[in-house]
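Right after this note come the structures.
Each of the next two complexes has chain A plus one other chain: chain B in the first, chain C in the second.
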Partner chain A sequence: MRPGRTLLILVPYLWLLALFLVPFGIVFKISLSDTALAIPPYLPTLDLSAGWSGFMEFLSELDFENYVFLTEDDLYLKAYLSSLSIALFSTVLTLLVGFPIAYGMANAPEHWRPALMMLVILPFWTSFLIRVYAWMGILANEGFLNQFLLWTGIIAEPLQIMNTNKAVYIGIVYTYLPFMVLPIYATLEKLDGSLLEAAEDLGCGRTEAFWRVTFPLSRPGMVAGSFLVFIPALGEFVIPSLLGGSSTLMIGKVLWEEFFSNRDWPVASAVAVVLLLILIIPIVLFQRNQQKQQEAEQ
Partner chain B sequence: MKRNIAILTLSVSALACAAAADEVRVYNWSDYIDEDLLEKFETETGLELIYDVFDSNEVLETKMLAGGSGYDVVVPSATFLQRQITAGAFQKLDMEKLPNHANMWEVVASRTEQYDPENAYSINYMWGTTGIGVNVGKVREVLGEDAPIDSWSLVFDPANMEKLAECGVYFLDAPTEVIPAALGYLGHDPDSHDPDVIQSAEGLFLGVRPYITKFHSSEYINALANGDICVAVGWSGDVLQARDRADEADNGVEIAYHAPKEGAQMWFDQMAIPVDAPNPDGAHAFLNFIMDPENMAAASNYVYYANGNLASQEFLVEDVSGDPAIYPDAATLENLFTTTPYPAKVQRVVTRLWTAIKSGV
Partner chain C sequence: MSDPVSATPPVFAPWDDPSETPLIHFQNVTKRFGDFTAIDDLTIDIYEKEFFALLGPSGCGKTTLMRMLAGFETPSEGVINLAGKNIVSVPPNKRPVNMMFQSYALFPHLTVAQNIAFGLERSKMPKDKVGARVDEMLKLVQLEKFGGRKPHQISGGQRQRVALARSLAKAPKLLLLDEPLGALDKKLRTETQFELMEIQESTGTTFVIVTHDQEEAMTVASRIAVMDHGRMVQVDTPDRIYETPNSAYVADFIGDVNLIEGNAASHHKDGKIEIHWREGEPPVVGTPMVPIEDGTRCTFAIRPEKVHISKEHPEGKANILHGKILDIAYLGNISTYHVELPNGHVVKAQRSNSLRIERRKFTWEDEVWLWWTDTAGVVLTA
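Now for the complex of A and B:
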């Protein structure tokens, strides 16, 4: 192989090393240490000036007791489970809302598509925080939604949406919708129209053609979109803390408490490492499974 | 609303901290200064002032203990300050650069010495109490004319809370202030560090938890002023600011603050200079500016909190100096208690209890 090419391949690995493995290593190291009243608030800190023996001593002070601690209080288990269910449910909701949008975009006349695409991306031009705050204005008890519903007479009492999990779902679906729409749109747009014609020639109705051709072929887009929504939603902090109520239990908030209220960086780091494992293991298993399926098909 | 966004974006602004010698970066509580003073400081000293805000001691403490916050002046409450001094987060004040220090009030200084021996690291900015703010009209409407608005039983007795729930009750999201209040109401030492005693507050909260609308440490000002809620467990000056905003809006909302008769926490917010402040000279200039009697009085007149500056008292408006909710009379002073910082293990018990109270887990 030419050296130029090796270098080119090396670049993404360097990124992975610098932006993922090194920070992960630091977080993992902190998760093995003990909390202390100091700057930074944990012990031991790595001091390379003491040489090899200093490094060995540093290693000997690390232990897994913070991970043991996570198993002793069911708060953490409950928070992980609650985060998983909120993330899963909102991913499904986003898929249900996002797929028709992407399908409509892909089937719109060609000269409309750039404009539709623009409409999906446009909200990103406003700060994420401002958009979440806008939802607070819409969903509050005296908010626009309730005022409108009261005015139309559909409801007699304002709906309590703000500060409940419903508001969290609305916030997540709204915020992450473009991440679902765009990958699905990309796969649907590339779909070979002659496949649908062939299906119809062979006697499929339009609905059947959709379920037997379009839907299965758009699966890669749906999978990509679901990952793009599920992963950030799992660790979401801003949306539950602004829109959710005190009883909305998510691991992002638990992490915040460990970090800020308890000043316990080691336990906070342990929570983060476990969160990462919860995400990585199923994703790796899923990808293996996909690969095997593809190989089997070939 | 703008303020809350500022709180969440401040971490971003703190990152971009290649501070120059002509900049002073101040990190203070939200709604805690007359903003005209910020401009006055810039004109008087020629320094550029960058002013960020927070609404929780925990956020500030994490920044201090992480180090390299980029701030020159920060304003922790005294209990938090004490722990941060132990951790080595602050530098000693250079009294020669603080000629206005002579204006400080011995009565307050002797109390803050409990946290910062000889007041070597900090000056008092404001002090106040943690108590109950009520929308008088609404509470009387719900509970009747003799509603106990000057007692913790208003928010800790389920019978009252059940009725108040319909008009909205906010609690501070500050365990180190609300739990001591609950312990005091139960007849324990509010400053108890005994995990079993602290845990005993749980039962009290479980009874009223279903009726608490929200735990938040800054939204209640607007919520009270707009009439969205009728009771808030909050800080004295914040409630009085809500009263002021309601008066300005002329919306018929009448707000009152009480330091409950069973005992209320007295706290001190102290200005200190981080050990790694990029511009310690500028920080001293800011502290000296704040300790100027007229400036300090302007701040108090604006935020409705008492200050630790004796010379400023002649410049206070009657509305502030004459209000027992701000400058408590002798009888109320006797009912006020102070707390000391929790050790790490006890802190974990307090946080865990707080999570249990808030989210039921």
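Now for the complex of A and C:
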């Protein structure tokens, strides 16, 4: 191989090494340590001045105790399961909201599309935190939504949305909507209009043509969008901690509490490693979906 | 022998038979897109079992006309009758018409067999009959082995067949073909043209084909409609379109032609006229199809293959011109000679290359004589 090419390939590998593998190694090492009243708050720490025997002693002190602990307290299992179900449900919601938006965009007159695309991306120009805080203002008991509904007389009592799972769903759908809309839009926009005409020509009504042609052909976009929402939603921390209530159990929140409230870095690291292992499954499936789509396009 | 009428083979020409009712009847149809008039007050009849070709340059309205038949466009004005019923307000899925799309529009998520079955399943045909019909169609287009493949797993020519099979599966009264062979290479296209004709004959379906390829239209069609700017310029059989075009536009659009523009003068007694076209050149003698007055501006059109070329002065011919060979286009079976007259006008003459190359007698810069009979060309006033 030419040295230039090796160098070029080296860049992403160095990136991966420095920004993923090394931090992951550190976290994994902490997850095998014991908690201690020290700085940093775990033992053992690696002391290279002790030489080879010191290193062997360091290794012998590492164990999987914290992982065993995760299986003993059912809080963690519950948190993982609850995260999975919240992420899954919000992904479905995002799909239900996102598909019509993408469909509308793809069928809008061509000169409108860049503007509509802009509208979908525009919220990213504001800080994510500020947008989540804005939702607190909207969803609170004395917030805009309740005040408006009380004013119109639709409800007599303010709705309790804030600090419940509903608020978490709203927050996730709102935040991750563009990740759903854009891939679906990309597949719908590529769709050959003559396919729908052919379906009509062969006896389909408009609705049937949609279900028999548009819908199955937009599946790769829906799958890609769903993964792009599901994967980050699973480990989401900010939304459940700001919008959710005490009953909202998500693994991101548990992780935060272990780190900052309990200062139990080793257990927190074990939680993080397990979360990563859970995430590898949908990530691999996602990659396979993308690859299949690319092959189909060739 | 039996009586002489049955001895002559029946000629398929329902358009000449006043007792025939057309399958399709366009009555004063106009289609506008904003300010643009795609179809301009058009009236035309298409008969059952015809292979009707719509021919014209891009933007002439031929595709719009076809899409109105399929139901994807509604005319701004006028009536379209199919088998005696006005179909203007009938949606595409309710018309006994199927279309083969230029892009084929095969459903990429369905197999070849599922594509062909698509229309049948919509028509509430029982399941077992659908399967039998799909097999029948696969056999018709010789794709029996490919029923389980996806469209992206077969070749372009095979895709074209699948599209044809799919559009024929429902046995439509009328099949529309939008540039059906446009994506195929030349050799495959020629083969497929004959297959199309065979299928059209064996199924007895009325075909309307849109094409910009005049050779294709000439090969497959029973009648050709030459269109320009949303109007029918001429609707006729391929031979009549070629031999007796009604306008310089048609003569020029179909095949190769020499056009000589001039003024009609000095009628002969037998209806022939002289066309004075250039100082110093003898007038061209031609036979107009309808009598025209002296002084009328007209165009004499003659096909290159009807212009004879010789080294010696031909005696006693009606039209004789003298010139020098400027260019030779050698096409293998024929050669086209571009002969420049002393006044700079170029006339094309064609000879079939029945002799081997070393024995041909004309070459560049040769002084030659061109001649043709007084009935070889047509006199056009449009």
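Just so it is clear, the second predicted complex is superposed on the first by the 266 of 298 C-alpha atoms of A that agree within 3 Å, B and C clash if a C-alpha of one lies under 4 Å from a C-alpha of the other, contacts with A are read in each partner's own complex, and residues count from 1 in each chain.
Assume a contact is a pair of C-beta atoms (placed from the backbone, for glycine too) under 8 Å apart; a residue touches a chain by one contact, two chains touch by 3 or more.
Remember, it's a predicted structure, so these values are computed and weren't measured experimentally.
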Fit or clash - chain C, chain B, common chain A | fit
With the two complexes superposed on chain A, say which partner A:205 touches: chain B (first), chain C (second), both, or neither.
-> second
Superposed model, angle subtended at chain A by chain C and chain B (C-alpha, nearest 10 degrees) | 150
Touching A:35, do we find chain B (first), chain C (second), both, or neither?
-> first
Decide which partner touches more residues of chain A, taking chain B and chain C as the two options.
-> B
Considering only touches as defined above, state whether A:9 meets chain B (first), chain C (second), both or neither.
-> neither
Does chain B (first) or chain C (second) touch A:249, or do both, or does neither?
-> first
Report for A:197: first if it touches chain B alone, second if chain C alone, otherwise both or neither.
-> second
Which partner does A:238 reach: the first (chain B), the second (chain C), both, or neither?
-> first
Once the shared chain is lined up, is A:213 touching chain B (first), chain C (second), both, or neither of them?
-> second
Using the touch definition from the top, say if A:156 reaches chain B (first), chain C (second), both or neither.
-> neither
After superposing the two complexes, find the smallest distance in angstrom between C-alpha atoms of chain B and C-alpha atoms of chain C.
-> 48
For chain C, which residues are in contact with chain A within the complex?
-> 70-72, 91-93, 97-99, 101-103, 105-109, 118-119, 122-123, 152, 166-167, 170
Of all residues in chain B, those that touch chain A in their complex | 1, 4-5, 8-9, 56, 58-59, 61-62, 64-67, 83, 86-89, 175, 212-215, 228, 275, 344, 347-348, 351-352, 354-355, 358-361
Residues of chain A that touch chain C when the two form their complex = 192, 194-195, 197-205, 208, 212-213, 216-217, 296
Considering the complex alone, what residue numbers of chain A touch chain B?
-> 35, 37-41, 73-75, 78-79, 129-130, 133, 141-142, 163, 238, 245-249, 254, 257, 259-264
